[in-house]
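Have a look at these structures, which come just after this line.
Shared chain: subunit A. Partners: subunit B in the first complex, subunit C in the second.
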Partner chain A sequence: MDTIQLTIDNKPVVVKKGITILDAASSVGIHIPTLCHMKLDDLNIENRPGGCRICVVEVEGRRNLAPACCTEVADGMVINSHSIRVINARQTVLELILSDHPADCLICAKSGKCELQDMAHHLGIREIHYKGEQSTYREDTSPAIIRDVDKCIMCRRCEMMCNEVQTVGVLSAINRGFNAVVSPAFEMNLDHSVCTYCGQCVAVCPTGALTEVDQTAQVVRALSDPTKTVVVQTAPAVRAALGEEFDMEPGTLVTGKLAASLRRLGFNYVFDTDFAADLTIMEEGTEMLNRLSRFLEGDKNVKLPILTSCCPAWVKFFEHQFPQLNDIPSTARSPQQMFGSIAKTYFAEKMGIDREDLVVVSIMPCVAKKYECGRDEFKVNENPDVDYAITTRELAGLIKLANIDFNKLPNEDFDLPLGESTGAGVIFGTTGGVIEAAVRTAYELYTKKPLQKLDFHELRGMEGIRHATIDFAGFPLKIGIAHGLGNARKLLEKIESGESEFHAIEIMSCPGGCIGGGGQPYHHGNAEILKKRQMALYQEDSNKTIRKSHENPYIIQLYEEFLGKPMSEKAHHLLHTEYFDRT
Partner chain B sequence: MPKIKLADNTIKVIKDVCAEYNNSEGELINVLHKVQHKLGYLPAEVQEVIAKELKTSVAKVYGVVTFYSFFSMVPKGEFPISICMGTACYVRGAEQVLNEFKRQLKVEVGESTGDGMFSLNCLRCLGACGLSPVVMVGEKVYGRVAPTQVKQIITDYRDGCGSSDSSKTA
Partner chain C sequence: MTDYKMHLLVCGGTGCKAADSDEIRNSLKYWIEQTGMEDDAQVVFTGCFGFCEKGPIVKVLPGNTFYVGVQPGDAEEIVKEHLVKGRPVQRLLYTDPVTKEEISDSKGMEFYKKQMRIALRNCGFINPENIEEYISRDGYMALGKCLTELSPQEVISEIKESGLRGRGGGGFPTGLKWEITNKSEADQKYVVCNADEGDPGAFMDRSILEGDPHSIIEAMAICGYCIGADKGLVYIRAEYPLAIERLKIALNQAREYGLLGEDILGTGFNFDISIRLGAGAFVCGEETALIHSMEGLRGEPTFKPPFPSVSGYLGKPTNVNNVETFANVPVIINKGANWFNKIGTEKSKGTKVFALAGKINNIGLIEVPMGTTLREVIYDIGGGIKDGKEFKSVQTGGPSGGCLTKDFLDTPIDYDNLIAAGSMMGSGGMIVMDEDDCMVSIAKFYLEFTLEESCGKCSPCRIGNKRLHEMLDKITKGEGEEKDIERLKMLSHVIKDTSLCGLGQSSPNPVLSTIANFEDEYLAHVNEKKCPSGQCKDLLKYEVVEDLCTGCTLCFRNCPVGAITGERRQPHYIDQSICIKCGVCYWKCKFNAIKLS
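Coming up: the complex of A and B.
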């Protein structure tokens, strides 16, 4: 390997040829501030348009300052990362950015988590010497995401996510100079575009230009209404990330404190989406086995591979981009919607509560879930199965609002019956988890034999596209996994061209799966955080006594008392859905 | 998203241009140039066909169309009027000339008159700085234009003699 020598801040450095000054500096612990740059190692995601010029450094013998994020190191370079010239340039650049930025930090949704605000603090900006016109643009509110372009600093991270990673292609920089904004085509609003609401633009936005639609106020109102019974469900990925909002180490599991905090907030019943994940496995797993048995019996019309359907952004993606494949995904609703449906039927009947008096709130790592719960097919007489879906971040806000000392909360359990779950339900929150959970159940239902080992390491990891073959008592079940919609697109194109040899494919829209969802605490470009969250979920799974969905006693009870069996007519009515051509 | 409602032969024109450039995304600007030359402008529906053919997002296409002032999303008038706003023309009063055109035609820059006769645009330096301020109507160049002449130029075209009147050509 070619290495070169250079000096950064009087420190001799030996690095690989071809890397940037920024990476060379960070390899010896020198932190150069950046604003537009973002890099998620292991996920092959990098944004370095070299646009903001905050990362400039002084290179001896070079006339102008060099942007560290996109200047390659050269042999013998002598670099100063914080000379007076560099600091002056950074402050000037930032002041110019701030001169066209609304100074409403006190009431901005991003306050405290804003990279621009942090940078102003870091560079000690006390005065903005440049006064001039401020760009103004209309606010665009969709069912899940709000665009407040006035706060955009044109870092282009959202554009990179939307186009290169997700291949959705909604966001692009348009117009020129002072009038340039990031916008959908023809300046249409997001809800008219093919936006999937995956929220990855929100996840990487350094400022308050892209945020989720905040529904905490509606939740507080429901909680304070004495005529309502308010139940809450919480998605698997939330427990692996919520702690970060309370200064805990990434990857800290806070399942017990999460349940306790929801109870303190006044929810009447604290349930778990993991229960509905187990239910999803019963339905989706059965559907998969049905299709497989028909396939093995020689049925040529059976649709394979079966695709998972838990992710609302993924569902919207194929409805827009691959409507001709609408009959391939499983018809199973997502766990959020299965939960809402069961809560407002089975549970409401059990407790003698009218549907209208029951409010279902979900805590999700996701912003697309806000859109999903508003879809018409998930309403009965205009009353939605899930009333409000709030993000992990919004929940943290609620907990702070209620003066709950989260770190000191005791560990508590979820309520029964809809709070009992298995290890299989827990791993739904990470890429590879849904299909592993499905395999655990499908294998035992298919072979009628107990699994020797429950950990399918061949299905785990962070690679964008993975595949594995699982021996189903002599039948090689071929499984594909994709996370990130760009990777999903590659698998879909193979299916279209008839090259796909998979029997089942798991797809999650967000890099890493729900642990990296658009509603999670901001990772600020640190991919280690995602890996730690993933590890936390596998740890929670291995700590569970019951790790297979079909062994969840309350799932068994639900089928005995209410649904009959998986894919029954009632189950079909309450737990399955249909897809639409949105082109 | 607006539904594509172009005539079949228009779609064919666009597809042919794209094919000429091997449907390559990297040729987007060239494709836009040629399509605009053939169709006169680049409305949303046209951009959608181009995006589809070049396998890129329509947002990207729209981004390029709105970045370059040469591209237009509104049909050009029968007589497109361009006013040079280059440095020499500007200091010699191009802005006043432009304002007079705006006032007379009741349109803003980038727009066309309701009857489709005129469209108004700015451009940068025709290399005829000695004649500044310079105005182009179609292919015809007017030099040393004063705001007071604007009304007459428009009237000439309205009366149908502007385009054939070569006496004012520089």
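Coming up: the complex of A and C.
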């Protein structure tokens, strides 16, 4: 390894050649502040426009200050990260940014989690010496995301996510100079664009410029309405991240406290989306096996690979970008929507509650779920199967609002029947998890033999695109996995060109899967947090006694009492959907 | 050009064309035909002569008779008198403003005496739409010499030896840039000509492309040969339609003649050039922004390194040079580095083209050897200040440059001297200001420009320039405080120190140099709430001097907002709360009874 020697803040430092001043300083414990820069190690995601100029440092012999995030180290470099010249420049630049930013921190959705606010604190800004006009733009509200770009600081993280990672291409910088801002083309509203509502822009926005549509007030209203029975479902990834909102270590599993808190919030029934994940496996797994066996029998009308369809942003993505492939994804609804559908039929009937009097709330790591539950095909007589989808962050807000001391809550169980789940349902929250769950069930249904081992390590990990071949008793089942829509696009292009050899592909829009969803506690560019959440879900899975969806007794009961069998007409009606050409 | 006895060179640059030179050309042709001179005299539509102040210009060869301010209606007289009878038309000759003598031969004019034309060598001499005329003036000889006699390394050495530095503003040694690009290994490399000229009032590159496009094509091919590129791109702003048109014609002709395309001159060297139109963003003159714009991305700069020489257009090594830089190259090859490096100063070799503008008598395009003093440029070539007013300042380097006072008039112009003086060479804009110009307003004007043209990518440039402008605006309105001057300086230094690209790194220069050189004007604005030049409207006050007012009512009748009241034959009164400071009363009053304070 080529190393070089340099001096940072009078400290001699030996570092690898080719790294930046920022990384070199960090390796010796000098943390140069940054604002626009964001790097998710292992996910190959980096935003480094060199635009905010907060990270400037003094390099001896250089005319102007150097941005630490972009400047490569050189042998013998002498760097000062906190000279008076640097501090003055850094503070002045931040004052300039603040001078063009609404000073409404007290009532901002991002208050307390805002990186700009933290930076102002970190740099000790007590006065803004340069006051003047502030740029103002129209607020843009969509079904899932609010753009309040008066608060945009042009860090371009959202733009990078939308274009480079997701290849959706909705957000980009428009206008020049003081009027420059990130926006959809022609300043159109998000809901007129091809935005998938994946929410990765929200996940990385350092300020309150991009936030989710907050529906906590509607949930509170439903909870306080005595005529309503309110049931709640909570997605797998939520339990691996909610603790962070209460200062717990990332990766702390809070399943029991989560159930307890929901009960204390006043939900009448505390259920689990994991149950619906098991149900999804029954439907999707059966559909996969059907398509596979017909394909192997030589049926030319059958197309492979089959693609998962749990992720609403992914669904919207292919409806916009690859409508010609609309017949490839599984027709199975997402777990959220399967849950809603079953809750407002099977459960409502069982409990003798009218559909209109039952309110279904879901807790999701996702902002696209807000959009999904509003889709017309998921409504019956205008009444949606899922009434409100709130994010992990919104739930944390609700818990705080209800004066619940989350850390001291006891561990409680979910209610039955829709609260029972298997390990297969839990891992739906991470990239690779849906397909692993499907493999566990499909293998046993296909081979009629029990699996020897349940952990498919070949399907796990953080690589953007992964593939594995699973031996289905002599038949090599070829599986592809992509997370991040840009990676999904690569696989779709291969399918289009006929180069794809996969039989089944799992796709999740967000890097890392739902654990990295747009509604999760902010990771602030720390990829370790995502990895810990992922580990937590696998931990939960291995702790479970039942780890295969088709062995969930309440799933078996649901089919016996209500649905008949997977892919039955009733199941088709309630648990499957269709896709639309949105071009 | 040898078939004709006489040649009438009509300026076909954008300036003269706007003043009807097409019509002059047609009229001259008409009268030549009418007088049966068509076998003896030829009308040539050339590029810019440079003396735009006196355009449209027609020059008659032989004899170098230089007609100024020609109108289409003058064609008949020029043909009948000068061509037929051999009697130059006296009334169209240039009159020296000092000696009042009529000067016929342009070589005798002060405007041209101290000029030395290398980059502009063919502008105003040849028809830019005819490759034969370029070839007749040694055109493509340098390319032939390079391809057949010299190795790429030898050509690079020659360019290095010549001391040629980038004329776009930065002054980076051209030969060194070529060498770095040559050494960057890649399967594909590019030569880019930066013709995104954007400084206010500057038109050096436009004139070269309009007047001598082949010189650029030839130089780009030479550069391609040196660095190992077979593709060239000219990035030119769409607002230069004539330059684009002539460049297109020239490219087609060069291809027809086998001077572009495959196997040029049978040497096996391939090179061709395509045109990319810019949408007029000033920042796209910055090379990384230019490259992004060519790639179809947002025109904004990225951090260097990597420099384009290593990773440029489409990620490939790309040599970006400015139009004027390229224009020098064929001459250096033909006449030798040792000829070129004897011109100029120790570290700045050759000549520089400047666009003279502002309060100067001879507005136009000039080319002078490096080392010529500002005084020579302004007073000898430029003919001094308009209307006999006092010189106050000269602004060089465009929006990135600084305003220099009379103390710097004897500074020999070169890259380093101008920087030492607090300004810069820039691409060659030179704007002269007189006693009537308010330096705070000048700084504000340049900030307005950079404010519009900043791409908005980095915070100090996006927001900092806005704040500078707001402070300057406050000062010109009489709302400034003395501490604002310190604050302006402080902020200016931070913007320079922290901005991402050259635009922000230099945009506060007009502020800093005006404060450094004209602090008293700033102080007058903030302390006395006065604009010494009387330019800042908000600080002006028009008042009636009662003793002088005759009550003629002329001012009352002309005031557009009804701010003036008064009885006939009684002193009038101006209501300051209504007055918009248009100055009509001041100019209309026949009795000097309106006082400006």
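Quick note on the criterion: the second predicted complex is superposed on the first by the 583 of 583 C-alpha atoms of A that agree within 3 Å, B and C clash if a C-alpha of one lies under 4 Å from a C-alpha of the other, contacts with A are read in each partner's own complex, and residues count from 1 in each chain.
The definition used in the following text is that a residue touches a chain if its C-beta (ideal position, glycine included) is under 8 Å from a C-beta of that chain, and two chains touch if they have at least 3 such contacts.
Here the structure is a predicted model, which means the values were calculated and not measured.
J.: So, A:173: does it touch subunit B (first), subunit C (second), both, or neither?
T.: After superposition on chain A, A:173 lies in contact with both partners, subunit B and subunit C.
J.: Let me test your reading of the model: by the given contact rule, A:154 touches which partner, first (subunit B), second (subunit C), both or neither?
T.: second
J.: Using the touch criterion from the header, give the chain among subunit B and subunit C with more contacted residues in subunit A.
T.: C
J.: One more residue to check, A:461. First (subunit B), second (subunit C), both or neither?
T.: neither
J.: When the two structures are overlaid on chain A, which partner does A:397 contact: first (subunit B), second (subunit C), both, or neither?
T.: neither
J.: With both complexes superposed on chain A, which partner does A:266 reach: first (subunit B), second (subunit C), both or neither?
T.: Touch status of A:266: no partner.
J.: Let me test your reading of the model: by the given contact rule, A:143 touches which partner, first (subunit B), second (subunit C), both or neither?
T.: neither
J.: What is the contact status of A:102 with respect to subunit B (first) and subunit C (second): first, second, both, or neither?
T.: A:102 contacts neither subunit B nor subunit C.
J.: So subunit A touches subunit B in one structure and subunit C in the other; where do those two contact lists coincide?
T.: Shared contact residues on subunit A (touching subunit B in one complex, subunit C in the other): 172-173, 175-176.
J.: Within their complex, state which residues of subunit A touch subunit C.
T.: Residue list for subunit A touching subunit C: 49-54, 56, 64-65, 67, 70-72, 85, 88-89, 92-93, 96-97, 99-100, 129-130, 132-133, 153-154, 172-173, 175-181.
J.: Could you pull out which subunit A residues touch subunit B in their complex?
T.: Those in contact with subunit B are residues 163, 168-176, 183-186, 188, 192-194.
J.: Using the touch rule from the top, collect the residues of subunit B that touch subunit A in their complex.
T.: 1-2, 44, 47, 56-63, 66-69
J.: Quick check: in the complex, which residue numbers of subunit C touch subunit A?
T.: 281, 283, 298, 300, 302-303, 305, 451-460, 462-467, 470, 487, 490-491, 494, 496-500, 505
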